[in-house]
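There are two complexes below, and they share chain A, which is joined by chain B in the first and by chain C in the second.
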Partner chain A sequence: MKTRTSLILIIGIFLIGSMSLTAQTEMSATEIMQKVSDRPDGDEMEGTLTMTLINSRGGERVREIRQYIKDFGTVEKKIMFFQKPADVKNTSFMNWSYDDETQNDDQWIYLPALKKVKRISSDSSGDYFMGSDFTYDDLGDRKVGDDTHTLLRTETLEGLECYVVESVTKDEDYMYSKTITWVVKDRWYGLKKEFYDEDEDFLKSLTLLNVEQINGFWIITGTEMKNDQKDHMTRMEFKGVKVDAGIKDSNFSERMMKRGL
Partner chain B sequence: MERIIQKLTQYPKMILIVTVLITVAFFQAMKSNARMETNLDEYMPDEHPAFVYSDEAEGWFNIKDGIIIAIENPDGIYTTETLQKIKDLTKRLQKFEEIEKVDVTSLYTADNIVGTEDGMDVKAFFKRVPSSEEKLQDLREKVKSNDMVYGKLVSTNETVSIIIARIGDDVFSQEFYQELLDLAHEFGETGEENVYIAGRPIVEGTMAVLGPADMKRMVPIVFLIIIVVLYALLRNFKSTFLILSVVSFSSIWAFGLMAAMGIPIYAVSTMIPVMLIAIGVAYGIHLYSHLHMFQLENPGTDRRTAVEDMIKEMWNPVLMAAITTAVGFISLLTSQVYPIKYFGAFSAFGVLVAFALSILVIPAGILLFGLPKVKQKSGGEAKVSKVEDFAHRSADFFIKNKKQTYIATAIVVLLSILGITRVWIDSSFLEKFEKDSDIVLTDKFINANFGGTSTLNVILEGDQPDKFKEPSALKALVKMQDDVENSLPIVGGSFSMADFLKRMNKVMNADDEDFNIIPDDQELIAQYLLLYEMSGDPENLWQVVTDDFRKVNLTFQLKSDNSKALNSAIDIVEEYRDDFSALGIEVNYAGSGYKALVFTDLILEGQVSSLLMSLVIVVILLGVIFKNYKLGFIGAIPIVTTTFISFGVMGLLNIPLSSTTALISSIAIGIGIDYAVHFIDRYRIYAVESQDRQLAIRQTMFHSGRAIVFNAIVVIAGFMVLLASVFPPNRILGGLISLNMLTSFIGTLTVMAIALYYSKIFITKGEDK
Partner chain C sequence: MSTIKRKTGILLLLLLFVTASLPAQGVQLSGYARSYTGILLNDANGFSILQNTFNLNIEDSRGNVAFKVNPYIYHYSNEDLTIGLREAYLDIFFDSMDLRLGKQQIIWGKADGVFITDVISPKDLSEFLLRDFEEIRMGITALKADYYIGNSALELVWAPAFTSTKLAEEASLWGRTPEFESPIPGVVPTLSYDYSQKAVPATLENSEAFVKFSGVSSFIDYEVMGGYIYDDDPTMHVTVDLTPDTNGVPQPQLTLTPQHHRLSLMGGSTSMDIMGYVVRTELAYYAGKNFQANQTYQMGPMSMTLPSALEEKDYLHYLVGLDFSIGSTKLSTQFIQEYVLDYDESIIQEEISNMSTFLINRMFMNDLLTLQLFAYYDITNEDALVRPTVSYDLADGFEILGGANIFMPGVNNDYLAYFGYYDDNDMLYLKLKYSF
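For the complex of A and B:
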């Protein structure tokens, strides 16, 4: 099957010429990214996130966060409780992310010292998440239609066969001019991703550290983002991950944020 | 030694050939290896604790010097065109290879922390340039209500906005400087807006271009004037040519050796040829002066006899002068600053070369090209006698007016001491420029509209992580920050971690001004900081605090980069040192302005100690050479008076001490010794011979005095040319060198001559008439 596709491709190069080749690869590249976007990872997930921020001098800051995520169909809700460091313990954060592209995320923060839940808004999904090297966009699902995808090549990375897909933004003001993703064939998760800033300079790279099969889903439980321009690195590790273990809908509320775990 | 010199001069051709060959070799070394050191950080001793600390702190907080580009629209900056320019300029600056993207700050890149009804919001002021009047007004309101931007990135009269591009120490180049100027020019050319460019890197860049360019233009003129005046005095082309060859060769040897040893040329190294011209010309003139006298006394003498006598009589005083001068320069090796050490070492080397070449090349030249013609009879003699007569009469005059001369000298020295008390040290770059130059005017303009173009970084370091989450530490920081900012008009602004926290506290409490303070709860502070990290760009936070919250960087903006301004701020900060110490917090400083301040202090400390040391050495050396300790003190008279007057005039004319002006005092030593040695040596010869001090002083005045006057006239005439320079530091250089030459020669021929006469040294046969 695979061989035949390549064969057709090669014949295509000779017979049809580059014009239609571009059309065909673009289509398949978009399909690949659609597959990545559609990869099933369960509707609910909970676990403990350890976020390690490493600065250019090698200094580390570690945060431990208890996290719950649930997909409600048109909205994905996420609630997080800080465990460490001690001075921010019980600080909680909730995020509702809508499928509707025109609707901005809703976000709340609860500061126990202030005893108040506050809405925080951020007009840009390009903001960095909790001082890490990940933006909200890097963590969430960027819509496939926001970029123009091109299949650059296929290659083997860490023993896995990958599609190398270049995704160029359609929005001129977007913070990444393009990204290049190494998508693992048939598993549809990225093994590696390179980000280029708005001036098309290399910005950072995301590397997969660990992936586990939980409840039959491929769940990414370890990643590392290295920002080359800032010489800063963030490692995210999930422990005790449970998928579809049953989270009450009412857990995603301001009351829950205040109550804590 | 004399025998060696006499022997060597038997082969004049060989001397000239060897000299020229060595000179060519050094010239080649200079051409292929010489490089100018323009990075000012390279001038500073890296191992000095203040520099080590500052460099470290610069790394922690990414402290860099800022290039400031100001965009002025007299009708207000809130127009689509002006905002577009701010955005475009920001992006263009970010594209420079020399500038890191995150180091460009403007209204386009700044974060706006605002309070909303039920929370907080961190947003960019604008991403797309607003085009409708409504959106422009909205932006205007947003800016106005944010203290972290209003008056900092946008002037309070809303006609100027600045873009700050911070650059590392090592990226500045002439090309980069030119590109920046071109960029500013390009954006200023079209539309309503005026575009200005300022900031320390630009000032340093302009100085690095202007100073040497001006010198390149002026030095040939200086040299030409010296040639003309020397020729006018000696009335002989060959003599002029030989003397100047010796001076030029010694400079080439010194620079060639520097290049061969891989030592770069520093700004102060340009003082080496200045020293060598002033001192080297003197050696030649003294030799020729003696030759002239010999020819007058022995009409029709042949070359060989005249040259032999010249060497016999003059090698000793010229060598003594050279050695004492060299020792004076070598004392600069005690300086902690490498450029000064090199200056001392290579000036000493050059002086010894000048001596060797004078005593070998000039005789060789005379042997090969013939003696200068001396008009023996007719009008010539009358003229010579007139000069001689004048020398004698001035000697008599000074001796007769001993008291008056002493009193006059005392008054001058007292006035100088008064001046010295007013001398101040300055590490400012900006004050080196003309008051009406573009760079000074731009700086003034930006200072009038914003906090200030110069910065001082105060680094507070806690004894444990999270120290700066403690309310007590933060409150102490605010107290000190406010005190400095409020009590000094020269401090136009300040910025610290406290400003972030105060604003967050206010915003989280419904924008209530009462909450524009540091909260009392440490956990709340920690949670605000987490919140900031979650919602804003934490890069901004890491410029004011390290991510372990142990160290903070407090930045003061100053409207002047001079040492008085920096010191006034430091003085107030120091008052808080004990308070901080009680909280377990250490106070330190960082930044290029502070480093320049420490550096200048270091230079001067070294200068003063080496000046004193060389004075002591000179007194001892002269005492040993003339086998009379009293002569050591008498010989030091010209040096001491010249040094006093030099510093005194600087104080009275409000010329600040800087690395170059301080070095000029070395000239006082070099020249002062020279004059003293020649004068005393000549006097000794005449006095011992005639045992008549009146006759001796008269003859010395004619012999040495004439040479000293010639030397002074030549050098003064040459360096006065620099007074026409367009670069103020070069003018000061020219003026002070001329002044030092003048006071050295007057001091030698008046006070020292009188002291020598009345000391009755060398007079052994009882009281003469």
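For the complex of A and C:
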């Protein structure tokens, strides 16, 4: 099944391993990240994503999105319908992501004021999504081979034993010089992730808030991204999540972008 | 209180009453209230616009059927009210087909801010091109059927009654008055209009039909279209009376009779992502479009040339556009060309006319602040419209936007100059918009 990281689940959905501790310690950092990437997480997922943007004064802005994701084998398709705030209501966004690492994603946006579906450049992975502290790349499907991984240590975080893996980008122009991920042993999901900017200064951290088992899969349903440089924070909640509940193939189309929910 | 104002008041009360009761029935309401103030930068510093707008979308769906009604109200400082329905339609959805019947905006093509194959919904140019695009596009009564085959679609549109482009009134800030020069010193041609041929009767044989086949794929998005239409822009039939005065000097009197003519067109558009650059193309071929042309009149030894003739020629209108990003800054540019085939030197429009557009957009402060610059540049005449804006979200759905419309003069700034004609209409404006 295709490697998949959904919009909100990106960092934190990890394979629950059954290997012994001895075997785990023999794993390389790359193997750990590959297992995370290959994690089975169902072929379909839908739910309502709520992002709460919180500024340094505690002021909040809320974005709400209904999203559907389906794996078609060599391509994963995602369609999102913006519900809030009111000025973006009925805007929709569709992304096709390919297994072929050489093929860029295809992306379209439907703007109800223009009544037109526009193809947009997928070369915007460094942009922040809807004003949040998550970039498109944070929410997307980063390939394991894009980074060089090093197992720094094991340590206990919030009472859970974790692998601490440093991932250094191979692309000099990438927006993060490195990330550090705390992977929970035995459970294999990310508890925390730190991001460092191009100057190798600490930028922001992602923290797991909630995880649920849905239809046999561990699904992260709450995360928080705190940007220290901007003193800004985004809390993400994923509600009404259904896995493998049956989504029509035809839902991932220009027709549905225009028609809406 | 006049009868009209009384009726308007009753209508508004009815609208408010009906609207207030709809949410209880599960009907969705959305829309916006907007205050829009513009001031001219010329010597008089008059207000170009003082407008308050209420725009409401009323929508509901049950199973395979849905409806939408979009009433709007514009209120002006002189207490004038404009009330209308931008859209009012019913949808029926089948497994592989959708039907939409009623007043609707239908937008085709891949161009931004330029109308090439986008010829179904006529334009409201009462404020030139300055309205938001949602407001420039007028709804038309039509039956639209879409049949879907995978990621492709065949769309048929039948518009029983023709609706023309809405031009600005001549006396308004955006009105254009034709100017005709006389070769005789001291003699200015007089103009009059005859609107008797302007309307196209709503009959079956006068209806318009459009067809489009479109598709979306990883490699390319495409549209192929055709239409049997009326030209949205009226052809100006000119009759000339050269009766001389008592001194025997011809006194040209021109009568302009606007009339819409039939046109056939076909075209298409594409959009592709090439290495992070989105390349867009669009082309329309018009068969038999009328162009204004010069005609020479001989009166004894004296001759004069007036734009009173028409030449019917085939015509191409096409575009190439490029969208890309530099960091977090979005950029877009388009090159547009109009080409009159089998050109005759008497035609007033150039054989080849070139235009371009530019867009730069960047967001700051977690998308609270947006800076944008959009510009049209007429390469042929060297005139331009430059539109910088800055907007700030005071709260979710509450935006304050300030901007300017700068018209830059070109080589010629007569009534044929698209932007330079409005050189005196530079303005600053402020919009407050509350969306719900």
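As a working rule, the second predicted complex is superposed on the first by the 232 of 261 C-alpha atoms of A that agree within 3 Å, B and C clash if a C-alpha of one lies under 4 Å from a C-alpha of the other, contacts with A are read in each partner's own complex, and residues count from 1 in each chain.
The rule we apply is simple: contacts are C-beta pairs under 8 Å (C-beta built on N, C-alpha and C of every residue); 3 or more make two chains touch, one makes a residue touch a chain.
From a predicted model like this one, the values you see are computed outputs, not experimental measurements.
When both complexes are superposed on chain A, chain B and chain C end up clashing with one another.
After overlaying the two complexes on the shared chain, residue contacts for A:Trp96 are found with chain C alone; chain B is out of touch.
Of the two partner chains placed around the shared chain by superposition, chain C is the only one that A:Ser253 touches, whereas chain B remains out of contact. When the shared chain is aligned, chain B comes close enough to touch A:Gln229, but chain C does not. Of the two partner chains, neither chain B nor chain C is touched by A:Trp218. Once the two complexes are laid over each other on the shared chain, residue contacts for A:Phe82 go to chain B alone; chain C is not touched. By the touch criterion defined above, A:Asp197 reaches chain B but does not reach chain C. By the touch criterion stated above, A:Arg61 is placed in contact with chain B and with chain C alike. When both complexes are overlaid on chain A, the residue A:Asp106 reaches chain C alone and has no touch with chain B. Among the candidate segments 204-212, 312-320 or 330-338, the part of chain C whose C-alpha atoms clash with chain B in the superposed model is 330-338.
Shared interface residues of chain A (contacting chain B in one complex, chain C in the other): 53, 55, 61, 85, 87, 108, 113-114, 116, 118-124, 127-128, 130-131, 230.
Touching chain A in their complex are the following residues of chain B: 59, 91, 94-95, 100-102, 116, 118-124, 127-128, 466, 469, 508, 521-524, 526-528, 530-531, 533-539, 546-548.
Of all the residues in chain C, the ones that touch chain A in their complex are 30, 32, 93, 98, 105-107, 109-110, 132-134, 137, 146, 148, 151, 153, 214, 216, 218, 221, 271-273, 275-278, 323-325, 327-328, 363, 366-368, 393, 395-397, 399, 433, 435-436. In the complex of the two chains, the chain A residues touching chain C come out as 53, 55, 61-62, 75, 84-87, 89-90, 96, 98, 103-104, 106-108, 113-124, 126-128, 130-133, 230, 232, 250, 253-255, 259. Residues 53, 55, 57, 59, 61, 82, 85, 87-88, 91, 93, 108-109, 111-114, 116, 118-124, 127-131, 173, 197, 199, 201, 229-230 of chain A touch chain B in their complex.
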